[in-house]
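Only one structure is covered here, and it is reproduced in the block below.
Should a chain be cited, it is by its letter among A, B, C and D, assigned in written order, with residues numbered from 1 in that chain.
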Amino acid sequence: MSAAPQGRSQEATLGWSREGIAERVAQDIENGSYVNLGIGIPELVAKFVPAGRTLVYHTENGLLGMGPSPAAGQGDPELINAGKRRVSMMPGAAFFDQATSFAMIRGGHLDLSVLGALQVAANGDLANWSTGADDAIPAVGGAMDLVAGVKRVFVMTTHVTKEGSPKLVERCTYPLTGRGVVTRVYSDLAVIDITPRGFALVELAPGVAFDFVQERTGAPILRNSTRRTGA
Amino acid sequence: MSAAPQGRSQEATLGWSREGIAERVAQDIENGSYVNLGIGIPELVAKFVPAGRTLVYHTENGLLGMGPSPAAGQGDPELINAGKRRVSMMPGAAFFDQATSFAMIRGGHLDLSVLGALQVAANGDLANWSTGADDAIPAVGGAMDLVAGVKRVFVMTTHVTKEGSPKLVERCTYPLTGRGVVTRVYSDLAVIDITPRGFALVELAPGVAFDFVQERTGAPILRNSTRRTGA
Amino acid sequence: MIDKRVVSAHEAVADVRDGAAIMIGGFGEAGSPIELIHALIDQGAKGLTVISNNTGTGLVGLAALLRAGRVRKVICSFPKTAGSTVFPDLYRAGRVELELVPQGTLAERIRAGGAGVAAFYTPTAAGTPLAEGKETREFSGREHVLEHGLRADFTLIKGRIADTHGNILFHRTARNFAPMMATAATVTIVQAAEVVPAGELDPEAIVTPGIFVDRVVHVPSPALESALNEAGASYP
Amino acid sequence: MIDKRVVSAHEAVADVRDGAAIMIGGFGEAGSPIELIHALIDQGAKGLTVISNNTGTGLVGLAALLRAGRVRKVICSFPKTAGSTVFPDLYRAGRVELELVPQGTLAERIRAGGAGVAAFYTPTAAGTPLAEGKETREFSGREHVLEHGLRADFTLIKGRIADTHGNILFHRTARNFAPMMATAATVTIVQAAEVVPAGELDPEAIVTPGIFVDRVVHVPSPALESALNEAGASYP
């Protein structure tokens, strides 16, 4: 309804919001896909699936056909997702044990996993489970299984850290979740594919210039990729 | 009702009948045991379980709690046992897939498997799936899994072949089903344990002398075993 | 809207290519997807590798596929059921290859193939002819055999009820290999005696979740091998 | 007559020895067998190795067992759930050992332990710190990690309904690790909200067959971790 308030920096308003990234990701998911949305921001994707498409959501703790979370205080404390939040189930849902759930993941039965990231490297390496800090409690959950098994791995992330450092880098410095596993990155600034030659631009966020993205990226981005949208 | 008919050889009437062997085996199976009875003669064991004991029968094609076969022409053609005969189910029965069924077997969850044999060696080796003949169609089914995984393996067999050769031997000459897997042999002539020192007598069939059994056995039988009955 | 129904068994198997590897459910006649197998005979693909516990009886179903000369190799645990003559004759004539696998190892290899497990160590068959040429290794002082996951291009199975998402319930011991085979093929096809809309099956009781299933064919009154054989049937 | 019922949670865990390895079902609070864990705290065994996906929240259940100083080592995929403070504090103080395992590898290792599979090759964690020191091998050009089957002395799980033979149905996502853990321990103990005579459950719908279960305890109204925590509870 109004332009950006005066006095806010250009960067604060540039590019996609979290919801904007989620909406952009949702455009690239085909009808009928079996999808695992990572805990946190990736969960937003479910709100933006275009009309006419039905996705089936997998949660690795043992449910296919997961539906939205009920109102606070409602729902079943033993009907939860991988983030341990209460959820619902859709028609056609099925419950199963963890071995079966990870057979789906590891066996390549899921079409897509959307995950957050600490770092993504130009060779597709992903670091998203630990900063390696000495006092951190290491916890990995199903992240390493997802990246090892799911057909395509999309990363949703801010393009830089809160401190302004690139999250798309030449080589990951944090402990890896998996090697060469990321298919595509959706940041607030751009959509970028991982290709055999490194990062390749798919699309810039509205109003964002290529050089602006390249300056905030730790490795070269191929600009003249023949690939544009769609995956 | 009458003594053995005149003119029949001593051997023909000596020892246990097939039903007698089955009855002797049944005595050694504890209440509540999970048991897999091999196709053929071992199936007879179920008829002789002493009153007061309940056994749960496993059939490797996917049923725990198998009950007796229905009358000929009755029953469900898709409720069958490993021998592909129609069976019934008992209260508490459960169906499952083959991976689960063999997880039960390989994982040591079954208490006992009762199998037939071509040869049993003094070291516990068993051959019961192939004579190795050139024109035979090789077929193994679940035999190798059963002997590899079930806690105790009882063999039910005639003491000698139709041609009079020992089936209890020093070393198997037929292709093996498994190495060192047999716990105990129940023949028409005796009950014999497999011990670290070889065959050891547990019990002679009524009216059968030790020397008679030893003469028909391809390896020495220890006589002064401290073990007697029970397993 | 997700709807995995296809209109016929023939449409379901239309894209099977020569040389394909095909898993076929069933233990004896229990769970044998006869209508899908017959559609595959009509379709004509040859040089197939068939992965199935048995080789069929009489002149229908799996035995008919073998008799039609479409099968190059069988991977199987028990190829000589009572009443099976087609496979034994072909095998003795050197016209079909056999890879004999212990039944539990066959089930576990298929499960591994579907679960992204490349290989595993099993004690089954250690020290026997079926372990010859295979890598072995000791764990806890016991010899184990390295076995590899098994996958196929197509899986053909028979369900009791399926829904439009491909969730399946089976009938008693007809379940046998179907749940694993459903996971281990590029394309999994189920024939089901009943097909219902998604949402009608109890989510707690589903045996094979729809993610493992690609095509659902409604076959309302599936034939049984024993009944066909008693009637002296042969296919085609 | 087979009847696996025992009269109480305390009787069910009476023979747990110091140093035992114990698998405990649950993903977060879903499926956590709180009454069995509390009975184990009362029982007093120490030096335990606990295999469980998480480490509990608040001061009840699994967190209470840790807080009581009974656990020497945790094998787990995600030890720092929101609301968990006991484990992080013990870990930072060096008073508990942690073996971190990817969730799917943990599930598969437990399944393997129960299924007589000594070890298997998985692509999960290849090239990451969690594969360091582990044997690796290429299959189809891809690096895989050798992982070993996992077994325990006891398994504690929570079911919705059990019968007297030990057949179990679970409740929704409370199922999670319980079916595998039931197979992988010397003694498997289930607490069930409802216990019925054998024969009352549909044989087609049973999730965990009774062969995997040794003791059934009737716990009619099991506590939930979140409800206990909201009430400020701590155990003992």
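Here is the rule we use: contacts are C-beta pairs under 8 Å (C-beta built on N, C-alpha and C of every residue); 3 or more make two chains touch, one makes a residue touch a chain.
None of the values given here were measured: they were computed from a predicted structure.
Counting only chains that touch, the fewest steps needed to get from subunit C to subunit D is 1. A comparison of the B-D and B-C interfaces places the larger number of contacting C-beta pairs at B-C.
Between subunit A and subunit B the centroid-to-centroid distance comes to 58 Å (mean Cα coordinates, whole Å). Centre-to-centre spacing of subunit B and subunit D amounts to 37 Å, using the average Cα coordinate of each chain. Averaged Cα coordinates give subunit A a centre that lies 30 Å from the centre of subunit D. Each of the following residues of subunit D touches two or more other chains: 108, 111, 115-117, 122-123, 170, 172, 203-204, 207. Residue positions 95-96, 99, 102, 105-106, 148-149 of subunit B are each in touch with at least two other chains. Annotation, chain-chain contacts: A-C, A-D, B-C, B-D, C-D (touch as defined at the top).
Across the interface of their complex, subunit C is touched by residues 108, 112, 115-123, 139-140, 142, 144, 148, 169-170, 172, 202-205, 207 of subunit D. Listed in rising order, the residues of subunit C touching subunit B in the complex are 27-31, 53, 77-82, 87-88, 91-92, 98, 100-108, 110-111, 122-130, 170-180, 207, 224, 226-227. Considering their complex, residues 1-2, 111, 113-117, 163-165, 167, 183-184, 197-199, 201, 203-204, 206, 209-212 of subunit C touch subunit A. Taken together, the subunit B residues at the contact with subunit C in this complex read 59-63, 76-80, 84, 95-99, 101-102, 105-106, 130, 135, 137-145, 148-149, 175-179. Per the touch definition, subunit A reaches subunit C in the complex via residues 31-32, 34, 52, 54, 56, 58, 63-65, 89-96, 99-100, 102-110, 148-149.
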